[in-house]
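When the chains are written out, they are named A, B, C, D, E and F in that same order, and each has its own residue count from 1.
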Amino acid sequence: MRSDGRRTDELRPLDFRVDFTDQPLGSVLCTMGRTRVLCTVCEEPDVPRWMRGSGEGWLTAEYSMLPGATHTRSEREASRGKLSGRTMEIQRLIGRSLRAVVDRKALGERTLYVDCDVLQADGGTRTASISGAYVALALALGRLERKGALAGGVLRDQLAAVSVGIVDGVGLLDLPYVEDSRAEVDMNVVGMGSGRMIEVQGTGEGGSFDRRELDGLLDLAWKGIDAIVAHQREAIEGAGFSLARLLRGRA
Amino acid sequence: MRSDGRRTDELRPLDFRVDFTDQPLGSVLCTMGRTRVLCTVCEEPDVPRWMRGSGEGWLTAEYSMLPGATHTRSEREASRGKLSGRTMEIQRLIGRSLRAVVDRKALGERTLYVDCDVLQADGGTRTASISGAYVALALALGRLERKGALAGGVLRDQLAAVSVGIVDGVGLLDLPYVEDSRAEVDMNVVGMGSGRMIEVQGTGEGGSFDRRELDGLLDLAWKGIDAIVAHQREAIEGAGFSLARLLRGRA
Amino acid sequence: MRSDGRRTDELRPLDFRVDFTDQPLGSVLCTMGRTRVLCTVCEEPDVPRWMRGSGEGWLTAEYSMLPGATHTRSEREASRGKLSGRTMEIQRLIGRSLRAVVDRKALGERTLYVDCDVLQADGGTRTASISGAYVALALALGRLERKGALAGGVLRDQLAAVSVGIVDGVGLLDLPYVEDSRAEVDMNVVGMGSGRMIEVQGTGEGGSFDRRELDGLLDLAWKGIDAIVAHQREAIEGAGFSLARLLRGRA
Amino acid sequence: MRSDGRRTDELRPLDFRVDFTDQPLGSVLCTMGRTRVLCTVCEEPDVPRWMRGSGEGWLTAEYSMLPGATHTRSEREASRGKLSGRTMEIQRLIGRSLRAVVDRKALGERTLYVDCDVLQADGGTRTASISGAYVALALALGRLERKGALAGGVLRDQLAAVSVGIVDGVGLLDLPYVEDSRAEVDMNVVGMGSGRMIEVQGTGEGGSFDRRELDGLLDLAWKGIDAIVAHQREAIEGAGFSLARLLRGRA
Amino acid sequence: MRSDGRRTDELRPLDFRVDFTDQPLGSVLCTMGRTRVLCTVCEEPDVPRWMRGSGEGWLTAEYSMLPGATHTRSEREASRGKLSGRTMEIQRLIGRSLRAVVDRKALGERTLYVDCDVLQADGGTRTASISGAYVALALALGRLERKGALAGGVLRDQLAAVSVGIVDGVGLLDLPYVEDSRAEVDMNVVGMGSGRMIEVQGTGEGGSFDRRELDGLLDLAWKGIDAIVAHQREAIEGAGFSLARLLRGRA
Amino acid sequence: MRSDGRRTDELRPLDFRVDFTDQPLGSVLCTMGRTRVLCTVCEEPDVPRWMRGSGEGWLTAEYSMLPGATHTRSEREASRGKLSGRTMEIQRLIGRSLRAVVDRKALGERTLYVDCDVLQADGGTRTASISGAYVALALALGRLERKGALAGGVLRDQLAAVSVGIVDGVGLLDLPYVEDSRAEVDMNVVGMGSGRMIEVQGTGEGGSFDRRELDGLLDLAWKGIDAIVAHQREAIEGAGFSLARLLRGRA
């Protein structure tokens, strides 16, 4: 029995609240249990210097935790004057993952800024960021298409991420902090609607793992990804956009 | 007629959503029109080095805007590696204002961290931060009292802040961005429930002002402060804390 | 009776020593009691990127205290690698105040750099910086006009600043450190020759203030500003420039 | 056929030159094809503040590339004043991996600093760093045991790392830069002598992967790890230390 | 004939204005031609961590140029966030030179901070800093002796510095900027009252030098040092301190 | 007798290992006793902004010590986020020295980056950097000439550097750390094949020196420089380049 009564292969309650703020092109408050991440997507009509004239667009991501997001207040990185290695690692992961489902040619010479700000952290903030940012990205692209700024065909596939781990020898899906902090093995998987993977990051935290255990964790992860993908679809349709249409001509 | 149809002496719709997150001691999502600030209060059982052994506590504040808070995305200060002068000025103002209603002796040797993170900005973020942080502070102190960690008597008075300004020669209360960006004179006033002031910061932005105009702006500001003070009281009581009791023994 | 025997509405001995150094376009050593600030104005034939092509000029200010300026040596900000919030706040105030009396159109596409370096600090360094920098600015503009680099009409008004405060319940003009450090309320006022105000910054430091007290402080401040404005005029005329001519066509 | 004529499952020529420098406790120049990394291990008789008194030791790693290591000179991070996200990610990986085979209790309250400086980079620098640093670590521990500063039993297992990837649909072991820069999928695997894994980091770089492809890559990786582990053993024994003895009491 | 009519072996007009400010223990405005440096000495009752308990004192120096000190305004290092290599080199030189004439045992466990701030720069700022700082140091030590905080015997010798150089093949003493910027060879010499040297830094700037030319430059430098040493003595005596007494028991 | 049995005027064993790495244009591992410095030269087809269009080239140098280079590990400057004053001073010296033998007109609008990374430090790292970098520079220029990218005539002279010092009153050539740390006087001399000097930096470290002692140190230094110059010539010729030809048309 898990701390919160879930089965080993069960996700925490998941919610994508679209348009939580209205200034950005896309804005989603992603809630996964007590973890809450505000994901926004903004557009700028320029690309990094090394891409100018290429006809291709760019997408970059930034990640941050509010100081009050954790049980014990964490120091603000802006005050310390530099990003931690953990933050850099996470924002590189988010950006890389989202770029994998974006056709940069179809995007044209513009930059999409994805910002994932963790309002409350209870494990799985990087995977919630990716899953939530995907929804915000879909909304942003939908809006750009609607106002005729984009011809469409940018989104190549759906994208969702989830964490799995081994605690006391048992594989678990979607770990909150109390489980995560005790896990022997921790793994994040980023998968697409097509069933293929973009990222697998498995780490022995005090423990190690063999190939059979790796397989078991991937099984769990895919259960989660399939469920998240369904929720995302609902949220996007609920906001009045057709995901099928956004993905048309793909798959 | 103002852009949003308000009278010159009317506040925007105001809401204090208490316990928006549950990790901090106090957490309030303050909404003033489209401006939304998440204010949290955390406690640490220590004080700055120069205060150790004094028996007194400390309160400090930090302020930040999410990149997607503004119409055009603003660069993240953590990425630039330093705080802007504007941010420093604002967080010094928030901290100074809140300390004015805190009895540091009664607080004891602990530090309260106030974090104001602007989720969406539409003018008046610094004053919304102060008004919202006051509510979060009251909740935090109420909880510390309840668990017996504090004897009470820390809060000396109520505290609220508002912006006023002169646009096209007319004094206005609570300016959204469209008005603020055109104002000839801009003023922030921080006042207490007792009717006394903690801060008055009036600035000619392209224009200047004489003493009569200053007086007119103060009249407007106090209309706003009185209304905010009433909302705060409601929010605090609605969360199950008696503001009278928190202020008892004070006048 | 004040610590130095002055009346409550009396300024400290004030001196503007023009051309203290001769490399800058304008250079003034402003002495107010023991407070001594070297104010220089330099010109650069460019404007910030976002202003290029606008036909308008820019003025920016920087402020710094020498380490040995205070009784206890203060750490050098260049060594610490960042500006304090206090420094940023002050240099923003100086720049904003001076820009208020500069016609940027008439200035043309050039930048004026105002540097205020406090050689000795005994209270009121930010206001002495503004008052002294105004004189250096007038000299700089006068010289640019003389060498035909400027058609004139840049200066819109005179500008001076002073600090006032409440100590032991009594309003005082122009506070030295011993009074400033004990003040319940501290206020800086920046005024123009025309009698209008550019900035009012009143802060309760341990205390608070009501509107009657605010009025009393403004009365004191204007006594000081009127006296400083007279001194400035003398210094500028003494350096061989006609202030009337610099301001002609204005007021 | 690969660019350098190797089979798909063949490592580049591998060499561990022990004691390349003689100041550190352990020093190994690890060469893998044209990639050359100087790995050193130093000891300090202290641990991070949060570990003091715990009786446990610590191991931390730093990674850097010399500016001339790459074909086009790369800017020095010390000159830029901050570490890149890539560097942080890599040095976190190296430290985490090595700590997985260190018994921190047996190490006692001291810190081992592992420095991996890439003298020349031709792909696989992070995995060469791990494999080389393991040898330097074994030498350092052997020497500490010899001078009686350590009772032994610190090393729990052997450790090696290798990169694999998919290029033009074909899985390849140990990619040099020309292959790595074209790879659709890139994966780093850190394994132990016991056959268990510490880290698996698979990333779609332009491409994606399914579970069958992941399996194929893991097969290749283990071929490489087994070969590296044998080379490491030889190098350690060649330097006069018994790896068996260093690992004794372990399984 | 030199630009300012001096002989090749003649110093520029030299002045040490003692007590230019009164907050520091010692304060000297050193003027050498148009070069003006404010040198102050402050005391702190502590030493760097690595010296605590040694019974010895420390002296450290910082150097800075005001932005308006040079013909073209130079950027403020505090704004850039880091010291230039030139500044670091100079402040290391000043500190090293002054420490050479200080008996750190006799100084006791305190730190003397020497600050050299260049108000106006016209060549030779580092040597004027050393010569001026020596005077400020003598005043500071004299005052510490007078108030009984020091037993005396700290100053071991007199100290002065001067620049020499070769311009168009001719050796020159004490170069202003117009000469310095054209010099083929530039040399700074720090000498003591006893005739021995602490520092010789000769640099070919576009040119080179042989041993005969080096000798000629040293002859010139000593003419300058002897003259400066006499001026220093006068300034110190003029401030009411006996240099002989400060140096008693030495030489 | 010296610690390592050398005569007072004898160099430590000296070796220039050319092409230690093969990515840079020139790469030399310079060994002087236990001091080992990897010197590389890279080319970039651009010059600093202020030189563009001048038709001249630029050469700049960077210096760094690996953390494990010293007996006690030194902190990495990239981790601290800034260069020490010592590093800046040294890299300025290396760049200035090498530029003295480079004809920037003949080099054309390109930048040569010289990187000196100390793999092991045992005294004399800055002089070994200069001597080694000269060899790497000659190789780089030779290669640019061979591939026709350069017409030749860039190198004006040979260049070598050495340290000398006074220990216990005796002048010594080429000091290892054990001698350097006890030296009363320390001097670095950079000389050319022609017998002229580029830099002389003599410093009293606890002691001082007179002109006769300075002369004695210069005699020793030139013994060393003459020997190093011969070794350099051999290394360059051994790599298949004619130094005479590289210098032709000069001298």
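Convention: a contact is a pair of C-beta atoms (placed from the backbone, for glycine too) under 8 Å apart; a residue touches a chain by one contact, two chains touch by 3 or more.
No experiment lies behind these values; they were computed from the predicted model shown.
The chains that touch subunit B as well as subunit D are A. Listed here as common contacts of subunit D and subunit E: F.
Between subunit D and subunit F, the least number of touching-chain steps is 1.
Of all residue numbers used at the contact between subunit A and subunit B, over half are used by both chains, marking a mostly same-residue interface.
With every chain reduced to the mean of its CA atoms, the largest distance from subunit C is reached by D.
Chain geometry summary: the mean Cα position of subunit A and that of subunit F are 51 Å apart.
Work out the mean CA point of subunit B and of subunit C, and you get 30 Å between them.
Residue positions of subunit A touching 2 or more other chains, listed in rising order: 81-83. If each chain is drawn as a node and touching chains are joined, the picture is one closed loop, every chain linked to exactly two others.
Round the ring, the chains follow in the order D, F, E, C, B, A when counting starts at subunit D and proceeds to subunit F. Looking at the complex, you find that subunit F touches subunit D at residues 20-24, 27, 34, 36, 38, 40-42, 44, 62, 64, 66-73, 76-79, 81-83, 87, 113, 115, 117, 119-121. Listing the residues of subunit E that touch subunit F in their complex gives 82-86, 88-89, 91-92, 96, 100, 192, 194-204, 206, 208-211, 214-215, 218.
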